[in-house]
Each structure stands twice: as structure tokens, then as C-alpha cells.
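Order as written gives the chain letters A, B, C and D; numbering starts at 1 within each chain.
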Amino acid sequence: MAISLRRARMIIRKALEKGREMQLKPLSVVVLDAGGHVIAFEREDGAAPGRFGIAQGKAYGSVMLGMAGTAQMARAEAQAYFMAAVNGVYGGKVIPVPGGVLVRDKKGAVIGAVGVTGDSSDNDAIAAMAGIEAAGLAGEI
Amino acid sequence: MAISLRRARMIIRKALEKGREMQLKPLSVVVLDAGGHVIAFEREDGAAPGRFGIAQGKAYGSVMLGMAGTAQMARAEAQAYFMAAVNGVYGGKVIPVPGGVLVRDKKGAVIGAVGVTGDSSDNDAIAAMAGIEAAGLAGEI
Amino acid sequence: MAISLRRARMIIRKALEKGREMQLKPLSVVVLDAGGHVIAFEREDGAAPGRFGIAQGKAYGSVMLGMAGTAQMARAEAQAYFMAAVNGVYGGKVIPVPGGVLVRDKKGAVIGAVGVTGDSSDNDAIAAMAGIEAAGLAGEI
Amino acid sequence: MAISLRRARMIIRKALEKGREMQLKPLSVVVLDAGGHVIAFEREDGAAPGRFGIAQGKAYGSVMLGMAGTAQMARAEAQAYFMAAVNGVYGGKVIPVPGGVLVRDKKGAVIGAVGVTGDSSDNDAIAAMAGIEAAGLAGEI
């Protein structure tokens, strides 16, 4: 099962709605497929220009390692040089903090990831999960 | 004047609608701001996974050089080594063909660019223009 | 549908067998998934050490662009600067010649690609097709 | 003496078998030659897509530095900036943790390395050693 564009849009809209509901700073949200490639992205007005790369980096590391942002952060805290080395392998595209959320299908297979950035990492992750759940999918923070 | 997220969404939707109306292959559409940074992107179901980079490359070169895809292609045809050198400077992110369309405000200032990929370069440019005009903006192919 | 490791092995073995049957030079064969990521690779004894990158490059461009090696070569012949620019976007990983073969499922969806290198590009493509067909899949040269 | 493709296959199969026997997560295994170039690679079904780069990185640093994963990790723990600098020199391809295992011939000369990833670094190294020993070679963790 793949994440359709229709579902990716829903994830983004609902994540942004959650952000406004929680009165977060302007958010940026990306949805990647199971190969780490971009399906859809939106950056809210007022967000800093470089937010695409941060959103992508959170989601990209999640897909490529099969490990969501929280687990990546734990590894980075324990072994900073390991995550730095991983970034070398993946072209410097990994941002190992919460807000990178794995998306799984009903059998538990990873079908993509969502990356949210703009507020605190924990709030970013909450907004991502709201989007994923609204789209009827399961997320792993 | 900046391209708002609301307007970027409209550009993407209308470009995709134009593609379906013209029975083009699945399209991917990116909208960049005046600094060449991503505001929004969508890739239609069935498009190849690497389409983000191509769409971005068409729009990125347009903004960075202030020269739309058609003019970039003319320069590449006349002086391939020049566009190759430009790509060295811009980190290899420039795709110098039609489908990269400059977006101008009413005074003629460049406020961003749209990149479309998926069908022939000329059809990509037509879809991009349809989106830009539907959003009440002026495009330069 | 994804290419399983079991099937990837069969593709490689049968491609190598075809090479020996045709008395080709030592071959190297890679199988990539639908996201362009390596599932399996083998380099025959006597092949040059750098063959992994060439095999990967043939298959990688095929997946990322949704365009097999023959079509990539035609584009490169007609518009060399375009394929050079594409390579910038894809990190210099694209080798646009035959021997990069798309793999499709029964509905026609791209589920990966095979890259073969070692002999002439045309012979490489024949070996790749032999492997893909032996695995019960459809290839596009 | 070089690692033949036949032997590389045996290393991979036996490493994967060891992983299943120990009930590890899906593994990915690469075998590199004495120049750090890929001979063979396999990624088990269910492993994350980015595993090739991690497996390669473990083995690559081992060959290039003549220092197996355990020794690299010790150095990284003691002097993180040194391994970061080494990665600059080697193009960001080194993953300095266990699971990168040197392969030696009977005279003790390094003839290549095996990289395993997917479970804990220590379990990865055990699987790699099982493969190397089954192929009648000596490994250094």
C-alpha cells in the first residue's frame, strides 16, 4: 500500500489545523513515500524559508533507517558520532529529532513518513500524528 | 508581495487540473518563493519517485537566474558549458528546460517560480501557466 | 508489489547465466526497489572494482525518472545538457545508457529496476532482461 | 588472495542464516574487496530501504583504515572529532561501529571486509563473523 496524494494532502491539512488549534508557530509539513521521496509539502505563511529541508530531514531519516524521530534522538544522545556518520551516508539529509513520524499500513509495514517543523520538536510530532490519524493511518513518533 | 500558501495551493491545483484536461501524464508541481525556497509541492499518483528534484530544478534555476525555462534552454543550446558551470555554482540544482516558469507581481517584480514536470517540457509549461493565471498572477515561460 | 530478496537473487543469477551463455565479459548486476534503493548486487570475478556504481547508476536513473536506459540515452543524445542537469539533481548517480531496465508488476506499475554492466550496453540489457523474465516479471529496456 | 564471488555469496548466506537462528531483525550484508569496493550485497525483506549505505559504511571504514568496527568505535568514543575528520576524507562513507568486520587470509593480510546492519551493532558483528567463518576465512570484529 502506498500513500496516495489525496491522503498526503489530508495529512498536511490536518497537521496544520492541529497546529493552529494548539496555537503553534507556523508549521511546515512534508509527506514522503516508502523510498524517502517527496509526495507533498506545504509551508505556512510566516515560516522561515529553510523549513523544507528540516521537515524533509526529519522524515527522511525515519524512512531510511526505519526509525522514527524519537528513537533517532535517543541514539544521537547516546552516540552522537553514529548519527553524524549516518548523515554522511545519507548525504547530510537526516534531522534526528521528534517531528519525524513513521507511517505504517495495517500490517505494520512502513509506507512513508511525515516530517513537521516550526514549533518545539514535541509539538511538531503531535501535529504530525494528528494528520496521520485523521488520514486513517498509524503513526510512530 | 509574496506568494501566500493559499495561492501556492491554487497554482498547484489548477496546474494539475490542466494536466488532466489535456490528458498529460501524471504531473508534479512545485511553487518556490522569491528566494528559491519551497512553499508547496504535490506529486500525482503514478509519477516517478524522483520528480520533486526535477520540478524544483526547473523552478530553482528560474528564480536564481531571473530567467525562465525557455530562456535557460536557449542559453544551454547555445553554450552548454555555461549552464553546466551555473549548475556548479548552484549545487547542481538547475534543470534548464521549459516547465520552469517565473511568477511576477503587478509591477513586474519576480516573486517566485513554478516548476512542473511529468509530460513534455512544453506541456509542463502550459500546465504551470494555467496554474499561475488561475491564481491571478503573471507568468513568464 | 515489491521485489522480494528471493526474486532479486533469481534475477541476478539468471542474468549472470545469460552472460556466460553469450560469452560476455564478467558482469555486475544490481536490483533496486521502487524507491531506487539496493536490494541485492553481485560482481563476477574479473570485473573491474568500480562496477557497482555503474550498475547502480543505470538502474537508479531508470527508477527515479521512470524511464529505462534506452529512453535515457535517446534524451542524452538529443539534449546532453538536460541529462547532465538531471545528474546534478540526483547526486551524480545516473548512467543514461542501456543496461538500466525497468521492472513492472502485472498492472504495469514500476516496482524497481535492474542495472547490468560489464559488456556492451546492448548486451548488458539482454542479460538484464533474461534475469527479469526468468523471475516472472516484465522488463522495459 | 581475493574474496571470490562464490565465497562472498557464502558469507552473506551464512550471516543471514545466523541472523534467523538468533531471531534478529531483518539483516543486510555487504562484502567488500581489499580496495573497499562492493563484491556482493543482500537486504532481507522487511529491512529499511537505507540499509545498503549503513552496511557499506561499516565495511568501508574497516578496509580503508585497516581497523575493524570495534576499534573504530573505541576511537570515536575517545576522539569523536577524529572519526568525523576521517569521514571528511572518505566522503562521509564511514560508519564506525561494530558490524564492520575485517576479513584476513591465512597470512593475516586484509583481503576485504563484511558489513552487517539491522539489529544491535554487537549482534550484527556476530552474524558477520558466522558468515566469514563458514566461508573458511578469518574475521576481526
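One rule holds in what follows: a contact is a pair of C-beta atoms (placed from the backbone, for glycine too) under 8 Å apart; a residue touches a chain by one contact, two chains touch by 3 or more.
The UniProt protein names, listed by chain, are A, B, C, D = Heme-binding protein.
In this text, all values refer to a predicted model and were calculated from it rather than measured experimentally.
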item: For chain A (Heme-binding protein) placed onto chain D (Heme-binding protein), the superposition rotation in degrees, Cα atoms, nearest 5; value: 85
item: Rounded Å distance, chain A (Heme-binding protein) centre to chain D (Heme-binding protein) centre (Cα mean); value: 30
item: Between chain C (Heme-binding protein) and chain A (Heme-binding protein), distance of the C-alpha-averaged centres to the nearest whole Å; value: 31
item: Distance between the centres, which are taken as Cα means, of chain D (Heme-binding protein) and chain C (Heme-binding protein), whole angstrom; value: 25
item: Residues of chain A (Heme-binding protein) touching at least two other chains; value: 33-37, 91
item: Overall pattern in which the protein chains touch one another (line/ring/star/complete/other); value: other
item: All chain pairs that touch each other; value: A-B, A-C, A-D, B-C, C-D
item: Chain A (Heme-binding protein)-touching residues of chain B (Heme-binding protein), taken from the complex the two chains share; value: 2, 4-5, 8-9, 33, 35, 37-45, 49-50, 52
item: Chain D (Heme-binding protein) contact footprint on chain A (Heme-binding protein) (complex, rising order); value: 34-36, 63-67, 79-82, 84-92, 109-110
item: Residues on chain A (Heme-binding protein) engaged by chain C (Heme-binding protein) in the complex (per definition of touch); value: 33-37, 91
item: Chain B (Heme-binding protein) - residues contacting chain C (Heme-binding protein), complex; value: 46-50, 53-54, 56-57, 76-77, 80, 83-84, 87, 91-97
